[in-house]
Amino acid sequence: MDKLPDSIKKIFIDKNQDKSLPDNLFAVCPGCQEIVYRPKLEQNLGVCPLCSYHFRISVDEWINFLADADSFTSLFDEIVSVDPLNFPGYKEKLEELYKKGINEGVKTGYVKLDGIKTLIGIMDADFIMGSMGSVVGERITRLFEYGMNENLPVIIICRSGGARMQEGVVSLFQMAKTSAAAKKFSDTGNLYISILTDPTTGGVSASFAFLGDIIIAEPGALIGFAGQRVIEQTIKQKLPEGFQRAEFLEKKGFIDIVCDRRKLRETLVKILEIHRYRR
Amino acid sequence: MDKLPDSIKKIFIDKNQDKSLPDNLFAVCPGCQEIVYRPKLEQNLGVCPLCSYHFRISVDEWINFLADADSFTSLFDEIVSVDPLNFPGYKEKLEELYKKGINEGVKTGYVKLDGIKTLIGIMDADFIMGSMGSVVGERITRLFEYGMNENLPVIIICRSGGARMQEGVVSLFQMAKTSAAAKKFSDTGNLYISILTDPTTGGVSASFAFLGDIIIAEPGALIGFAGQRVIEQTIKQKLPEGFQRAEFLEKKGFIDIVCDRRKLRETLVKILEIHRYRR
Amino acid sequence: MKKEKILKQIDKLKSIAISEGIDLSSEINRLRGMLELESDEYKKEKEIEEVFSIVQNSRKIERPKPQDFIKSLIKDFIELKGDRRFANDDAIIGGIGYFDKYPVTAVGIQKGHTLNENITFNFGSPHPEGYRKALRLAFQAEKFSRPILFFVDTPGAYPGIDSEERGMAQAIAENLYYLSDLKTPIISIITGEGGSGGALALGVSDILIMMQNAILSVISPEGCASIIFKDSSKAAAAAVSLKLTSFDLLSLGIVDKVIDEGPGLDVDPQIGYRNLTEQISTSLAYFTSLNSKELIEHRYQKLRKIGFYKDTTGFVKKGLNKSKNFIYELFKF
Amino acid sequence: MKKEKILKQIDKLKSIAISEGIDLSSEINRLRGMLELESDEYKKEKEIEEVFSIVQNSRKIERPKPQDFIKSLIKDFIELKGDRRFANDDAIIGGIGYFDKYPVTAVGIQKGHTLNENITFNFGSPHPEGYRKALRLAFQAEKFSRPILFFVDTPGAYPGIDSEERGMAQAIAENLYYLSDLKTPIISIITGEGGSGGALALGVSDILIMMQNAILSVISPEGCASIIFKDSSKAAAAAVSLKLTSFDLLSLGIVDKVIDEGPGLDVDPQIGYRNLTEQISTSLAYFTSLNSKELIEHRYQKLRKIGFYKDTTGFVKKGLNKSKNFIYELFKF
C-alpha cells in the first residue's frame, strides 16, 4: 500500500481539526483527538494506531485489504441507474457521479479470501450515501441468486444512508426484493455474512444488513433504523452516549461479533472454513 | 347446578374472613371484600358477580361448565402413580389422595363443546398442587398423541405449582416429554389451546402451558416460572402490584386473550370453528 | 390569474385587428406562447394542489382506520395479542375471523380518530414488538393454511430510543424475509398513509391493493422536502415528485389494484368497503387455488421484478469490471 | 462412633466367655443385632455425607466451568452473540468451532471462578434472552447441519422481576419444544450443577452425559428441604432423596453416560476432559451417521419413555372413567 487512498485523504480534509498541519500528511483522529501520521494510518487499514478509531475506507481499499491479490472480479456492472420518477435533479446527479467513475451504491463481484472463493458486495457511500435504488437492489439480488446457483457464500459490507428517495417507492421495494432473495439463498443452505460499517441505517439496515447468518459490526459504527435527528425531534431529548453504535447493538443482542478491522480478514476466513467453504 | 361444588365450599372456608357468617352460605370475596351469596356465585361459574374475581373451581365443575351434557369421557385413568425414588412420605401421600378418589394431577379425556369433539386436559390442584409427575406427563403426552392420530384439537386447562419434587428429575423431564409431544402434535396441523388459570407456575408453565397455538388466561390468574417468594428472596425487595398476573403477562406479550370465565365457552367454540373443527 | 389577463389581452387585440383592419398576428402569437407557458405552470400548480390534497386526505382523522376495516370486513373477529418476547403493541391489532366464508388472519395498524385513541395507538407508529406480533400471527396463519389480510395505515415505524434498542431495523427485515415465502396467501391493503419501511413490513404480499385516496411513500413529503429540497415548505411539490398516489404506483407496477372509494372513505366508507370486499373475494379465490409452490414463486417474481435500471449487457464489449466509463457513455443516451 | 463401642463390647464379652468358660452367646447376639441396626443408620449417615459432598463439589469454584470446557474441547472457537430480540446474555456463551474434525455449535452456561466473574455471568443464572440466544444458535446449527454441544452448569434460570417480565417460562418451554425435533445431533453435558428447568432448557439431546461429580435436580436440595421437609437444615438428606447424582440418574435411565473424572475435575481436569472427549467423539460419529428422520425419532423416543407409572389396563374391567376406586385398590399392591 504505497498510494494514499482517496477516501482517507478526504477524511483527513473533512476531519482535520488543525488546518495548520501541512499537506494533510497528518490528521486529527476523531476518536482520540491525537495527531496521527497518515502513512501509519494507511498501514493500519485506516484504524487509528492510538485509539483504534475506524476511519471510513473506500470500496477499492476494502477490496485491497480483504481479497487475495488480483482475485476480485466485478459482476453486474452492466446494470446502471435510470430516473424512473423523473425526480428533480436525479438525472443530473447520476451523470455527475458516473462521470467521476463511481459505478453505483454497491460494487458486487467475487473474490478469493485466503484461497476461498466467495461473493462479495461492498457498498459505496460516495454514491448518494450508498443509498439503495433499483441498481443496488438488483445487484444485491443477483448476488444472492448467483450464490444459490453456484453454492458460494455471500459477504456484504454494508454502509448506507438508507433508501434512495429519488426512486421513491421503487427504492422502498428494493428492501423487500433483497430480503426475499436473501431468504431464497438461505434456503439453499449457503452462508451469508453481513458486515455493518459506519453508517448502516434506514432501508439497508431494515433489509439485507440484518439478515446475515452471522452479523459482524465494526467498532463504533452507527447502526440503526431511524436517523438520530429524526429520533431527537420525535422524543424531544438528546440521545444517550453510544446510542446506535455497534457496541450498543451488540449489548442489545443484534450483533454477533464487533470485530476490529485488523482482525476481520482472519475472522472471515475462519468462518468460511468452518462452513466448509474451503474445497 | 344445584349442588354446591366442593372446591368453592373449600374456598369459602379458606377465604372467608368473617367467621360469623353462618354455615358459609356467604363468603367474603378476596377481590372486592364484599359479601357474596354462595348460590349466586355458583350460578356465575364461580365468578364474583360484584367484581368478577375468579374463584378457583374443581375439575368436575370445569367439565360441567365447559362440556355438552354427558359428553365427557375420560382417557388414561388407567395410568397411576408409583414412587420411583422411594421418596420420604410420597407413597403415603399418594395412597391418601387415591383414597379420597382424586385421580391425579390432571384429568384427561374427550368432550363435546357445542357439538365439536375435542380432547381436554384439566389439571387438578387438589392432587399435590397439580404438580407434574410421571402420570401427568404421560397423560398429557398421550393426549397429544391421541390428538395427532385422530386429528382432534387439544384444550388444556392449566393449574399447577410446577414439577412434582417427589419424583425428582423424572418429574423434571416430563417438561421435555410433554413439550416434544406438543411439537409433534403441532406438526400435524392440529390446534392446541392452552388455558392458564390461577396458579400456573414452574415446570408446567415452562412446558406445555406456554406452547398453545392460542394462549388464554383467566383474569387475575398468577402465571410465571419462579415463585414469588423465591423472587423476593433473590432480589431482596417486594414485588410490584399485579406482578405475574394474567393482565401483566398480556401486556408483556405472552397471552393472546385474557378471557372472563363467563365468556370462555363461547370463545372456545368460536376458535374451534374457525379452525374448521365443526364437521 | 395571469392566464385570464392574457386571454383578455388577446381578445382585445383581435377586436382591434378586425375593427382597425391591421395585422396583429405576430403580437397575438407571442401572447399565445405566453399562454401555453402559463398553462403548463398552471397545470403543475394544480397537480401539486391535487396530490397534496390526496396526502392530506389519506391522513384525515375521519377516514376509517385499519381497525374499522377489520370491524367491517371480518366477521367474528377474535383479537390475539402479544409477540411472545417483550410486549403487546397496541399500535398493531391482529387476530382471526372470517372474511366471507374464509377463515383468515387479519392484522392492521391502529390509528386513532381522537387524540386519546392516538395516544393509545401511538399515532399508528408500531414498535418492533408490533411487527413481531404480526409475524407470529402470520406463522400461525401458515400453520393453519389461513390467508392473511394486512391493513396498513401508518406514518412509519416509531423512531424512538426504545424502538432502536429493541431492533426496529432487524424486526422489519425479518418480516420482509419470512413473509417473502410464507406458504399461505397474503393480501395487503394500504388504507391510508403508507409510511415507508413501517408500511412495507406488512406490505409483502401476493397482491398489493391501495384504496384510491391512500398514499404509499419511501419518505413523508415533508421529510423529503427538508432533506432533498432543503426547504420544508416544499412538501407539496415533493409529494408530486415522490409518485406516492395510488394511480402513480399502479402505473409504476408496484400496486396491483386501486379501489374506487366513490365519494371518499371519509364521506361514506360503504362504497369503498364494497369495492374492496369484491376485490379481496376475487383475490382469495384465486390465491387459495394455487399450491404453495406456485404461490411462493408468484410472490417472489412479483417482488423480483420491481426496479428500473438499464441493462447494458448488449453493448458491453470490454471486460465487465472495466466498463465504468463505457457505462457512463451509455447513460447519456 | 457407637459402632466401634459395640464392637469393643463384643470383643470383651468374647474374651470373658473364653477365659471364664461361660456361655455369653445370647448377650453377644443381642449386641450383634444392635450392630446391624447401627450399621444401617451408619450407612445412611455416610450416604448423606457422600451425596452432599458431591453436591458441594459440583458447585466448587475451582471446578472447571462450561466456558473452560469450551476452551479446552473446541478448537478455533468464535463467539456469536445476541438473541436478536432484546439483549446478549453474558450468562450464556455460544459460538462455533471444531470438535476434532467436526464443525460444531457449542453453547455453555458461564459460571465464575471469582466473584467478579460471577457478577458478570450472573452466577450462572441465565435470563430468557440467554435461552433465546441458545435457540437461535441451535437453529443456525440446524441450517448448516452442525452438531450442537451444550455444556450445562447452573443453579437455575434467574428468578427476577425482569426474567418474568420477559417470559422465562415461555423461553424455556420454547427451547424444549424446538430442540425436541431439531434436525441436527445434540449432545448435552452436565458439567457441574444441573439446576432444574434452567438446565433442562439445554438438556434436550440425543445423548445426555454427566460428569461423574455433577448433579442434576428438579430443585436444589436446600429448596426441597425447606418446602417438603419444612426444615432447611435437612438439605443433605433431601439431596439423597432427590436422586440427583450422576449414577442415580444413570440407573434411572435419564442420563445416558457418566464420565469418569479421575481425581475430580477440580483437582485435575485433564482426565475428565480426555474421557469426555472420547465419549463425544463416539457419539458424534454415531449420531451424524443417522439421517434426520432416524435422529428425531430416536430423540423423541428417548424423551417419550421417561416416566415411572403403573399402567393398570390389564386389570381394568369397568369403564375407564369409573375406575377411580379400582385404581386405588390396585395401587396398594
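Should a chain be cited, it is by its letter among A, B, C and D, assigned in written order, with residues numbered from 1 in that chain.
Basically, a residue touches a chain if its C-beta (ideal position, glycine included) is under 8 Å from a C-beta of that chain, and two chains touch if they have at least 3 such contacts.
Remember, it's a predicted structure, so these values are computed and weren't measured experimentally.
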Looking only at C-beta pairs in contact, point me to the busier pair out of A-C and B-C. A-C
Which chain lies the greatest distance away from subunit D when centres are computed from Cα atoms alone? C
Roughly how many whole angstrom separate the Cα centroids of subunit C and subunit D? 57
When the centre of a chain is set as the mean of its C-alpha atoms, what distance in Å lies between subunit A and subunit C? 29
Can you give the whole-Å distance between the Cα centres of subunit A and subunit B? 53
Dist(centroid_CA(subunit B), centroid_CA(subunit C)) in Å evaluates to 47
Among the residues of subunit D, which are close enough to touch at least two other chains? 84-86, 166-167, 170, 174
Which subunit B residues reach two or more other chains? 252-254
Which word fits how the chains touch one another: line, ring, star, complete or other? other
Let me make sure I understand the interfaces: which chain pairs count as touching? A-C, A-D, B-C, B-D, C-D
The residues of subunit D that touch subunit A in their complex are 76, 78-88, 96-98, 103, 129, 133, 140, 143-145
Write out the stretch or stretches of subunit D touching subunit C in their complex. 84-86, 132, 166-167, 170, 174
Flag every residue of subunit A that touches subunit C in the complex, lowest number first. 72-82, 84-85, 87-89, 94-95, 98-99, 101, 103, 109, 134-135, 137-138, 141, 163, 165-177, 179-184, 187, 201-203, 205-211, 223-227, 230-231, 234-235, 239-240, 243-244, 249, 252-254
So in the complex, which bits of subunit B are touching subunit C? 186, 189, 191, 213-214, 250-257, 267, 270-271, 274-276
So, in the complex, the side of subunit D touching subunit B is made of residues 157-161, 163-170, 172-174, 176-178, 180-181, 196-197, 200-201, 203-204, 216-219, 223-224, 227-229, 241-244, 249, 252, 254, 299-300, 303-304, 306-313, 316, 320-321, 323-325, 327-328, 330-332
